[in-house]
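Please see the structure below; I have some questions.
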Amino acid sequence: MNWNDVLGLFNYWMVIILMMMGLYIVVSRGNLVKKIVGLNIFQTSVFLLYISMGKVSGGTAPILTGKPEVFSNPLPHVLILTAIVVGIATTALGLALVVRIKQSYDTIEEDEIQKADEEMEFGKPSGDSKP
Amino acid sequence: MISAHLPILQIVVPLLAAPISVFFRRAAIVWYLTLIVSIITLAISITLLAQTLDQGVISYALGNWAAPFGIEYRIDAVNAFVLVIISAIGTIVLPYARVSVANEIEPHNQSLFYTCYLLCFTGLLGMVITGDAFNIFVFLEISSLSTYVLVALGAKQDRRALTASYNYLVMGTIGATFFVIGVGLLYMMTGTLNMADLAQKIPAIGSNRTVVVAFAFIVTGLGLKLAMFPLHLWLPNAYAYAPSAVTVFLAATATKAAAYLLLRFLFTVFGADFPILGPTLTYLLMPLAIIAMFAASTVAIFQVDIKRMLAYSSLGQLGYMVLGISFASVAGLTATIIHLFNHALMKGALFMALGAIVLRLGTASIDSMRGLGRQMPWTMAAFVVGGLSLIGVPLTVGFISKWYLIVAALEAGYWPIAVAIVASSLLAVIYIWRVVEAAYFEEAPEGSNVEEAPLSMLIPTWTLIGANVYFGIDASLTTSVAGQAARILLKVGS
Amino acid sequence: MLFLGLTAFAILRLRALFAVVMLSSVYSLVSAALLVHLDAVDVAFTEAAVGAGISTVLMLATLALTTRHEKEPTHTSLLPLVVVFLTGIALVYGTLDMPRFGDPSAPIHHHVAPKYINDTGSEIGMPNIVTAILASYRGFDTLGEVTVIFTAGIGVLLLIGAFIREPDGNTIQTMEHHLVLRLVTKLLIGPILLFALYVQFHGDYGPGGGFQAGVIFAAAFIIYALVFGLETARRVVPGRVIRIMLAAGVLLYGGVGVISLFFGQNYLNYSVLGSTAVAGQHLGILLVEFGVGMTVAAVMVSTYYVFSGQIPPISDEEW
């Protein structure tokens, strides 16, 4: 591992740190909306990882111009476009669920929801609990 | 001419049925459409299985772009078998679902429910049939997203369905993202996304830390979807609070598809010779499987809600499947693959019986089931036979699975594990007995007058029970297919 | 990259959710800029439109329907920290054998990628290689992607209720009385729609394509609905139309593939659609991209309708 290696890998390490911050937000915070924001950050950082993999030094965007050129790899771009769509789809559904949970429980903090559920469970058998 | 395109029709038929169903508002029409589509899908999957058993690997290049430049569908005995499982369950749930859904879901949501069902169906089939790693991710997400919605629709009965769905969404997305990270790392080191191509290129790379980390991420991501201990936290709540028909469908199909993917990645893509594979199986998967088998069954005993009880029981059964994988032998993999089929039959039937109880009683708690043996004789009888199958009594499919698993354990020299398999089955006796005791040996509450379940629910339930017994007595078909599949995975000759 | 890190850290610590959402929008925008620097122009375009645009709109709508503050964390989060740390270490460990950043001799740049770069001109005949791969070589993945967004659209409809029912009069107050907003919106909507069409059809030659176009198209309607009220927007584009567009896009895409089957070729082989293979590819890609755009626009608009249909009227004073 010499200095060149470190420089070459530095980009990936930064992205990994970003990914971990996103993941940390998801698992450690109890607010449901914030969890989704964390999930978004996690996913966006994964996108950056993929795209960084595809970059070629001295290359340019993969659009043919008629002149011979060095291009960066187009395949990661395609994969990430799809992944972005999947991400927004997940976010939309997640947020819809948060809205419903708020309507049902009147809170979007995980621990308060858990408490509400436990109070309900140790009282009557599950199966017919109306808010 | 059609037969050449069966692989893609397997997916396109349910896929296009979903948007078509949006044009119809009446739930009854959409239900018919879904039923017809699933019957067609089932026919296609059975044909594909027959074809691949006969001819070997079927390959279909989408867009006529040859792999690995285009996406390839690649069918062999392993995934053809899983396709049949998924489409069979998908079809048989529908007659059952008609009444169950009408009871448990708001009227204005019912037609879109079936649209979502079709999407989930498509996603599961698409995950299994494809030979391209990123394509797996796309269809995995189709099935996952529709599952989150389907589970959440149980909120009319119990609002905890919403939190169950949310937690499943968060965990499932993390799992899928881990999977994508793993695939990305593999792509980075090999330059290809096609699984057969990856299988060739990975050994050539030799010992490489990136590939090892890719392996770890893929196994973890799939493990989350598979509800492998300790990544199982989403499953009990999701199964317990989802609408009954959804629980039947999911319990019998979703984890099977994830198990198939694990098999495929472990043995086909990475291969049994991959340096870290052996140790992972023996020192990680095997202990986790055994913990799952015991812990889950123990927790199941203490459940008040029978849906949750069966959910924990499913976790234990998944432990058996992972155990079979960890032996990495023909016997072990045969046991796992057979159990994919058998467990679908068992849990499908059990959850169906339970759904009928929910329909009549409005709840699935064990207290309310007192004296039910007399009032709903057919339903409870189905539950009893399903329970016997779960325990592994001879003449049921459960016995076949356990038998192969024990044989695999003994072959590998792990006789303590064989004992453990038997011991955990005894735990199942306890929780099944609790239900039997309540239903048959206690008096029904005063003044309760419960009807038997409607025929539209009883017939599918007993069809699955009949299959349980039939394939338990004559398992030659399933064992031969599973055996062939196991050999293909381990790349040994027949 | 450092800026991204700072933003992420701020999001972690802040408890005012409105600020969190804004920062997440900033995060997406900065990522998009970074992506341009990494030569991923299509991706940057999409990330900006989706992450900084739609995502933010939906999160703000959610905030309006829920709370604006996060609770104080009551317990220390040691286990998550450990898990995340271990995962991070594992990833860093994995990078040690990776090809270095930008290295043109990395395996990823051989094998499959050169074929795309070399053959797109002759086989598909369009300059934007990313669109060529997206819509043709790996077109089936994109069909899956359209299905994913379709699923989300259906899911939101199921979860928050079919908006096809008539609103009961409780909708967010319009901003019509703000002269500047009204005027600017009217001026902007036309160009936005035109731009959406441009992006849709020019996606073969430059960055763009169905997905980005759909999002921009939806943005125009969302602005209109924000300023002139949901009722008015619904009169212009009623729920029924949206629902039909939702399904029609997927059917268009899938249908093109089915047509290939009728010609005896494999699914989604566009060559049969025209007199020459390249003409067929052009037509096929045009059609499927349009299908993508239609469904995406419909999903975005319907999701917005559904979310904002739930928001109770908020007067100017309460802000």
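Just so it is clear, A, B and C label the chains in written order, and each chain counts residues from 1 on its own.
Rule of thumb we're sticking to: contacts are C-beta pairs under 8 Å (C-beta built on N, C-alpha and C of every residue); 3 or more make two chains touch, one makes a residue touch a chain.
Predicted, not measured: the structure shown is a model, and the values here were computed from it.
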item	value
Chain pair with more C-beta contacts, A-C versus A-B	A-C
Chain located farthest away, centre of chain C as origin (C-alpha)	B
Centre-of-Cα separation between chain C and chain B, whole angstrom	31
Centroid spacing, where centroids are CA-atom means, of chain A and chain B in whole angstrom	26
Rounded Å distance between chain A and chain C, as computed from the means of their C-alpha atoms	14
Of all residues in chain A, the ones touching two or more other chains	23, 53, 75-76, 79, 82, 86, 89-90, 93, 97-98, 100
In chain C, residues with contacts to at least two other chains	91, 95-96, 98, 106, 108-109, 112-113, 116, 138, 141, 144-145, 148, 151-152, 155, 159
Contacts with 2+ other chains: residues of chain B	134, 138, 141, 145, 148-149, 152, 181, 187-188
Of chain C, residues touching chain A in the complex	1-2, 4-5, 8-9, 11-12, 17, 20-21, 24, 27-28, 31, 34-35, 38-43, 46-47, 50-51, 54-55, 58-59, 61-63, 65-67, 70-71, 73-74, 77, 80-81, 83-85, 87-88, 91-92, 95-96, 98, 100-104, 106, 108-109, 112-113, 116-117, 120-121, 126-130, 133-134, 138, 141-142, 144-145, 148-149, 151-152, 155-156, 159-160, 205-207, 211, 303, 306-307, 310
Residues of chain B that touch chain A when the two form their complex	134, 137-138, 141, 145, 148-149, 152, 155, 157-160, 162-163, 165-166, 169-170, 173-174, 176-177, 180-181, 184, 187-188, 240, 304-305, 308, 358, 362-365, 367-368
Chain B partner contacts - residues on chain A that touch it in the complex	23, 26, 32, 35, 39, 42-43, 46, 49-50, 53, 75-76, 79, 82-83, 86, 89-90, 93-94, 97-98, 100-101, 104-105, 113, 117, 125-131
Contacting residues of chain B [partner chain C, same complex]	1, 5, 8, 12, 15-16, 18-20, 22-23, 60-65, 68-71, 108-109, 112-113, 115-116, 119, 122, 126, 132, 134-135, 138-139, 141-142, 145-146, 148-149, 152-153, 181, 185, 187-193, 208-214, 216-217
Partner chain B, residues of chain C touching it in the complex	90-91, 93-99, 106-113, 115-116, 136-141, 143-145, 147-148, 150-152, 154-155, 157-159, 161-162, 165, 243-244, 246-248, 250-251, 254-255, 257-258, 261, 264-271
